[in-house]
Every structure is written in structure tokens, then in C-alpha cells.
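First chain A sits with chain B, and in the next complex the same chain sits with chain C.
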Partner chain A sequence: MKNIIDRIIFVSGWVSIAIIVAITFFLFYNWIPLFKTASPIEFFFGTLWYPTAIPPFYGILPLLDATVWISFLTILITFPSAFVLAIFITHVAPKRLRYFLKIFLEIFSSVPSVILGLIGLSIVAPYFQSVLNMDTGQNILNAALMLSLITIPMPTSMMEDFISAFSPEQKEGAQALGANEFETLTKVIIPGLKGPFASIAMLSLGRIFGETMIVLMVAGNAAIFPTNIFQPARVLSSTIAAEMGETPVDTPHFYALFGIGAVLFVMTFLINIIGEVIRIRYERQMMKG
Partner chain B sequence: MDVDLKIENLSVYFGQKQILDSISFEIPARSITAIIGPSGCGKSTFVRTINRMNDRFDDFSHKGSIIFDGKDVLSNDYPVEELRKKIGMVFQKPNPFPKSIYENVVFGLKIHGVKDRKILDETVKSSLESASLYDQVKDRLSMNAYKLSGGQQQRLCIARALAIKPEILLLDEPTSAIDPLATKQIEEVLEQISKEITILIVTHNIQQAARIADYIAFFYMGKLVEFSKAEKILNAPNEKLTDDYLTGMYG
Partner chain C sequence: MKKILFALLVSMFAFSAFASTKIVIVGSTTVLPIAQQWAQTYMQLNPNVNVSVVGNGSGNGIKALLDGLADIADSSRWMSDTEIKSAISKGFFPFPIVVAYDAIAPIVNANNPVRNLSLDQLQQIYDGKITNWSQVGGFDMPIVVVTRDNSSGTFEVWAEKVMRGALVKPGALTVASNAEVIRSVAGNKRAIGYVGLGYLESSSDISEVAISGMKANIEAARSGTYPLARPLFMITNGVPSGTIAQFIDFGLSPVGQKIVSEVGFVPIYEVK
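The block that comes next holds the complex of A and B.
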């Protein structure tokens, strides 16, 4: 029996690795033929994304630029909000409320992103346009706000876990020296959790990068270089979703979309690896004692 | 005999469960009092009640009082941060912060608002010297405390507690997680500092109590069976229960 279980685990482990390798191969395999039409330099550094124009332009730089804008604005909103929320749950909220907040967060994180896209489109965008007098309500800020709403629960829940599980010995050590609850939090717990928090930030960023639906719906989808957060933009992931359906197979446009997929894949992969490295480093540092 | 702490009829409960039952005795100043007794007799709970470490448990409650400087430390009027400034504590497992040696020692001072660099530097030196750790770490005060050995970490924790100049130091089985040689060093440190500070140490090790204690309190099932000078308890205890414990009948 144990033998069979061992074998199942062994096989499923290798299968999942094989699938990742296959995905990578598939992405790159469908990307490479693009270079017959457009050079890697045109692809990575081209400033125009007009794949259906004549002649077509396959430069992903504006998409990359918009991805960076939206992702960073989102993480700028998400991380501090998650941090404050996590501290609220662990240190401010009454014990009974804590439990419900935690459950609420977990439920909220499983709301399909298309619903937030809908809210961004039908409530936030008109509000931006009519009340705040923006040129368009479908812009970077709207996308970042909606993206933050869908992202916040995950880092909040993780931070909450880390803060609650923080070494009781160290907490008592600080309190025995006369530190109150707040000083224990700011001088021992938070400094002690720098590593995990950095790693949580990276994981959130990875999730934001890959999020497609919201940005597709509310960012306005203009493949231009934004100069401020009130302008529309188009990111890598939503470009694939928006265009793949109308793109004939085995055309340069088709290959270029796979190229975008490969770029996204590599970027998310790198971000996750950086997050993991930070986490492992931190753990090793803590183990030294 | 100076009295530093006066325990009056102290009973402690966690929920419905009674952990300590009407403990009364007086802890003499500037000496080492050891609390001995079998596991589960309430000795740890007792010391943790003195500096109110148990306050954070919702189901903790108590009766009776602990008088220190003429005031009941268990009353809600007594500010707990002030209390812990005067009554320090060292725990069973060394628990330095993942900061430098220097930052560990000055932690309490900074909490209490000391910012003067000169005072901090001097306190680091004197506290580490009292914990006989200074010579080993004087060249690497900025090193992470986690890189110290277990025994050194525990002495750092003693230095950290001494840095805020407590009048009483509570130690909850401070040597149970470290090796015999490091234990010996810590015992020497305690004997040294007991000239100025009142020490209350919980130990499950009767030999340790015999080596360092001036007074011994024997706890059994939440009750104080006997409190007296160490020689008296060890050589001619009044109670048969104490004698049985010391001769290894149980425990």
C-alpha cells in the first residue's frame, strides 16, 4: 500500500514538473516564428503595438510600460492597506470580530475578478468621469483600485497569520522588559517579519501581474505610453485576452501574442522566485539560533 | 531580614481550574530564593503571576495580593509596564530578539525613553559584564544575537533584564535548555548579582537549588508546603512531603 502511495506521489510530482516544462516549451515554440517577421529588438523595444495595421507593429514596450504602471500603483495601494488591515485584525478588533473578519477576507478573495471589473466599469468609471471630471473613467487608477480590492485579502490573510504566529517567547521577552502591546508590535514583531512581508509583497505582485479580467474591463485598453494615472492603458495580460479570439492561427500576430504570454510567464516566474528566495533566506537566518 | 515581596494568601485560577492555593510567604531582599517542586505544582505560574505575565490570558484570575514597595502589584491600579521595569524576568528558553547584541541589551532602556548614547553604551558594558558575557562579545556587539550559543544567549537575556536595573529578577528554569558548563556560568552570575538584586528562581533541579539558593520554597499541587533557609529545607525539612520529594520518592 505504502509502495503504491509512494509511486502516486512520485508520478504526480514529475507530471506537474513536466507540465510546467511543456507550457514553457509551448509558449516559446509558438513565439519564435515571430522573429521571421519582427526582430527581438522590434518586439521588446518597439514603441508601437498595432498588430493589425498595414504594415503591422509588434512592439510590446507600451504594454510593458502600462503593466509596470498599473502593477506598481496597485502594490502601492495593496501592501499598506493589507498591512493596516492585518494589524487591525490582530491588535485592534475585538476577539469575536477577528474571527469573522478572517472568514470574510477568505470569502472575498474568492470573488471572481470579473465581478470587480463590472463594478469598476459600471460604478467607478462613470463616477470618475461625471463627478471627478476625468477625461475617461476607464483608466490606470480605476484598474489599480479594482485590482487592489481583489488582491488585498491574500496578503492581509498571510500577514495576519505571520503576526499571530509570531514567536510568543519573543513577545513575552519584550513585555517582560516593560514594552506594551504597541511597542511589542512596532519594535519586535514588525522588524522580525521584514523577510516574510517582503516575500508577501512579491507574491502579491505576481498575482497582480497575471490578473487579466479587471484590467481588460476597466483600464481603457489604449496601447499608449501613459503619462499619468488618469490615462487609459493596456497591459500585457489583457492584450492576449482581448486579441486572441480574433487572431488567425500561425500568423505573426498569433506568434506575438504567444511572445507576450512567454514574457508574462517569465516575469511572474522571476517575481515568485525572488519571493521564495527572500523567504528561504529569512528562514535560514531565523534557524541559526 | 529585609523583605522585598510579601505574598499574601495568593490563589490563582485559569478558568475553573485552581493552580495556586492560598500561598503566603515573604521573599527576602538581596538573596536567592529557589522555588522547587514537581512538574505541574504551579511554580512557573507563581513567578509569572508576580510580574503579571499571566494577565494576557483571558481566563486568568486571582485572589490575594503581592505587596511590593507597600503596594499590591496585582491590583489594576498598578501600571504593569512600571512593574516590569522593577521586576525583570528571564525565561526557560533563551529568547533574544533577532537584533544585534547591543540592540538586545538596550531594548528595555529605549522602551523607557532613554536616548542618551553615552548612557546606553555604558549600560551595555556594565550589564554584559554583570552577566559575564562582555569579554566574549565586546568586539562584536553589532553581531546578530542569534549567532551566540544557547548559554551565551541566556546570559544575554540576563544582561537585557539587568539593563533596566530591576530590583527583583525572576527566572523561570533558566538553565533547563542549556548545557552543564553554561549552567555553571549562569549560576555564578546569579550568585554575583544577588548581592544587589533579589533573585527568585524556579528550578526542577534540587542540586541547583542546593548550590545557589539562600532560601527555598517547596511547592506541591499548588500549595506552598514549606519555606525556609536553604540548609534547613535540604537537611532537616519540617514536612514529610518535602523530605519525600528531596529523596526522590516522586517528582
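The block that comes next holds the complex of A and C.
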């Protein structure tokens, strides 16, 4: 029996690796034919995305630019909020509230993103337009706000784990030296958690990058180079989602969408690897210490 | 273990043997409501036939047809040159049948007094030459342009009939469905968008804009006098025969065409 289970685990492990390799291969395989019609320079540095115009333009630079804008604004909102929440849960909230908050966070992280998209579209966007008098409420700020709401639970619970599991020897050592709880937190725990926090930031970024539905619904999807956060923007992932269904197969447009997929895949992959490397390096340090 | 596998294999083959009375329809999400209602009614009349309908885009539908995975491809657009070439090289003879008409109408927020625009004005609003409603007789406020994703059939009609070679300005808000256009325009008094005729009644916060005095209506769409109308297709491989032909005949019959108007499209002939 054990033998069979071992085998099943072995096979499924290799199958999942094989599938990832196959996906990578598939993305690149469907991307390469694009270069018969558009050079890599036109693809990466072209400033116009008009894949169905005559003549077509396949430049993804505005999409890349928008992805960076939205991701960084989101991480700018997410990271401090998650940090404050984690501190609140570990150090401020009474025990019963802490338990309730943790459950609430877990439930919140499983809210389908399409629902947040709907809220952004039908509540936040009209509010931006009527109360703040913006031309359109479907913009970078709205997308980043909605994305933050769905992202915050993940870094919060990771930070909370790290803070509460922080080396008790060092904590007690600090307290023995006369530090109060606030000083222990700011002088000992937070500096000691730089490594994991950096890796949490990278992992959240990976999550934000791939999120499609919210951005597709609330970011406005205008393929421009935004100059402020009240303008609409179109990111890589939502371009694929919006256009793939109706695109004729084996056309340059189709290949270009696969190219976007490949770029997105490589970027997410790199971000996750950097996050993991930071985490592993930190853990090794902890082992030594 | 081996016995289970064997049984599984046998049952798979057994199921595929039943597929002879199955019609697989794949394609355009615009045509989807028509195909779905046809399939439902048709299956009630012919319980031995199983019609499955999938809406995943005209491109995917035509691909499925050419891969032999679908019997009928729904399409909201004419086949592209690449698709026709690929069909011929595979030995297919795509046979498009017009099953209904779809008319597109420009819309604005109900609080916007503009109710009439010419095709040229629409083109200039969409390519960014006209940027303020006061330039076309409205309030002094910027125009927020809402367009559809550039691979949707609706956009294709708009590009062909309104843009006529000009590019929609990059700053236009782009949304992925008729319902989202409605939502964007209904919630923004500066917005202009365009939707299928069947969606005009779905919100009281939007108003139709006539094109040089002509409103989208059934007769004009069918006769071709309304400038923003298009035919919707079902494409088969070769002249349909057998069950597929019966299904298409049903769709083109008065019963099928009545369904077309019920789901918000223009039937190909007058039905009571």
C-alpha cells in the first residue's frame, strides 16, 4: 500500500513539473511566429496597441507601463496596510478579537475577484465621478484600491505568522534589557524581519501582477501611458482576457496575445523566484544565528 | 486496477458512439443566446437529439469547426482570410448561413441632452478630434469615450462602419461586454458608448443616439438602410445535411425566428 501511495505521489510530482514545462513551451511556441510580422523591438518598445487595425500595431510598452503603475500603487497601499493590520492583530487586539479577525481575513481572501470588480465598477467608479468630479472613475486608483482589498489578507497573515513566531529568546532578551513592548517591536522584531518582509512584498507583487478580473473591470483599459493615477490604464493580463475569445487563431494578433502571456509568465516567475531566494537566504541566516 | 481501467476505456468508447445524434455548437458570445434558445426548444421537440452550445468567441468557434470539434460555428463576423485559407487547406468547405441581424446603436447617459450625431461626428469623437460635448451641441464637459475590446464583433462593426480606417483614440475606456458598456455609460454623464440593439432597453439611465436622424430599428437593420447593422452567422462544414440541416431549418423557421426577436436580435424576415 505504501508503495502504491509513494508511486502516486512520485508520478503526480513529475506530472505537475512536466505540465509547467509544457505550458512554458506552449506560450513561447505560439509567440515566436509573431516575429515574422513584427520585430521584437516593435513588440517590446512599440507605443501603440492596435492589433486589429490596418496596418496593425503590436506594441506592448503602454501595457507594461500600466502594469508597473497599477502594481506599484497597489503594493504601496497593500504593504503598509498589511503591516499595520498584522501589528494590530499580534500586539493590540484583545485575544477574542484577534481570533475573529484572523477568520475574517481568511474569508475575505476567498472573495471572488469578480465581486470586487463589480463593487469597483458600480460603487467606487460612480462615486469618483459624481463626488470627486473625475472624468471617469474607471482608473488606476480605483483598480489599485480594489486590488489592494483582495491582496491585503495574504501578506497580513504571512506577516502575522512571522511576527508571532519571532525568536522568543531575542524578545525576552530585549525585555530583560528593559525594553517595553513598543521598543521590542520597533527595535528588535521589525529590524529582524526585514528579510521575510521583502519576500512577502515580492510574493504579493506576484499575486497582483496576475490578477486579471478586477483590473479588466475597473481600470478602464485605455492603452495609454498614464501621467497620473486618475487616468485609465490597460495592463497585460486584462488585454489577454478581453481579446483572446474573439481573436482568429493563428493570426499575428493571436501570437501577440501569447507573447503577452509569455512576458507575464516570465515576470511573475522572476518575481516569485526573487521572493523565494530572499526567504531562503533569510532562513539560512536564522539557522546560523 | 487493470479491470477498472478497461471498464473506463470501454465506457468512453461507448459514449462516443452515442455522439452521432449530438450537435456541437461553438462560437460567438453574441450569437450564444440565439443558439441556446434554439437548442432548448429543438431538444424539447426532438428528445433523441442532444445539442450542446458553447460561447467562447467567433474565433474559437471557427477554429473548433476547422478542427472537427464542432458541427456548427457561431460567428458575429465574416470569416477572416486566414480562416478561409486554413479551411481550404484542410479540405473544409465553410458554409455560412445568416441566422439573424444585429444592429448597433450609439448611446449616451440619459442626463446628456445630445440625441443625434452624424457618422462623421461619431468618428471624430472616437478618434479624439472632438473632445468636448459643447462641440456637438451638448454641455461644456469633456467626452469620455467607451469602446469595446478590439477583437469583439461589435467593435469590428464599429471600426468598419464608423471609424472607416481611423483609429479609436488610445485613451478610450475599453470594456469587454455590452453589459459593461451600459454600466459605464449609465454611471457617467460624460460618457458615450455603443451596444447591440437588444441591450438598449436594459437600463433607463442611457439614451439612444440617432445617426443623422435615424434610430436603430428592425426594418432599417434588415434592409441595410441603418448604417450600423450586421448579419450573424452559423457556419457549417459544407451544405448542412441530416440532423444539422434539421436544426438549422428549425432555426430559420418562424418558430426559430420568433426566438431571435425574443432574445433581442432582428429576425431575418417578419414574424408575428
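The definition used in the following text is that the second predicted complex is superposed on the first by the 289 of 289 C-alpha atoms of A that agree within 3 Å, B and C clash if a C-alpha of one lies under 4 Å from a C-alpha of the other, contacts with A are read in each partner's own complex, and residues count from 1 in each chain.
One rule holds for everything that comes next: contacts are C-beta pairs under 8 Å (C-beta built on N, C-alpha and C of every residue); 3 or more make two chains touch, one makes a residue touch a chain.
This is a predicted model, so every value here is computed, not measured.
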Requested in this report: Name the contact category of A:55: first (chain B only), second (chain C only), both, or neither.
Outcome: neither
Scan A:221 for contacts with chain B and chain C and give back first, second, both or neither.
second
Counting only touches as set out at the top, which of chain B and chain C does A:170 meet: first, second, both, neither?
first
By the touch definition at the top of the document, which applies to A:253: first (chain B), second (chain C), both, or neither? second
Chosen between chain B and chain C, the partner touching more chain A residues is C
Message = By the touch definition at the top of the document, which applies to A:94: first (chain B), second (chain C), both, or neither?
response = neither
Chain A residues contacting chain B in one complex and chain C in the other none
Listed in rising order, chain B residues that touch chain A in their complex are 51, 53, 56, 81-82, 84-85, 88-89, 91, 93, 95-99, 107-108, 110-112, 144, 146-147, 153, 157, 160-161, 164
Interface with chain B, chain A side, in the complex: residues 167, 169-170, 172-180, 183, 187-188, 191-192, 285-286, 288-289
Listed in rising order, chain C residues that touch chain A in their complex are 28-29, 56-60, 62-63, 80, 82-83, 86, 142, 144, 149-153, 155-156, 159, 165, 167, 170-176, 180, 183-184, 187-191
Listed in rising order, the residues of chain A that touch chain C in the complex are 48-54, 62, 121-122, 125-126, 129, 135-138, 216-217, 220-224, 231-232, 234, 241-251, 253-254
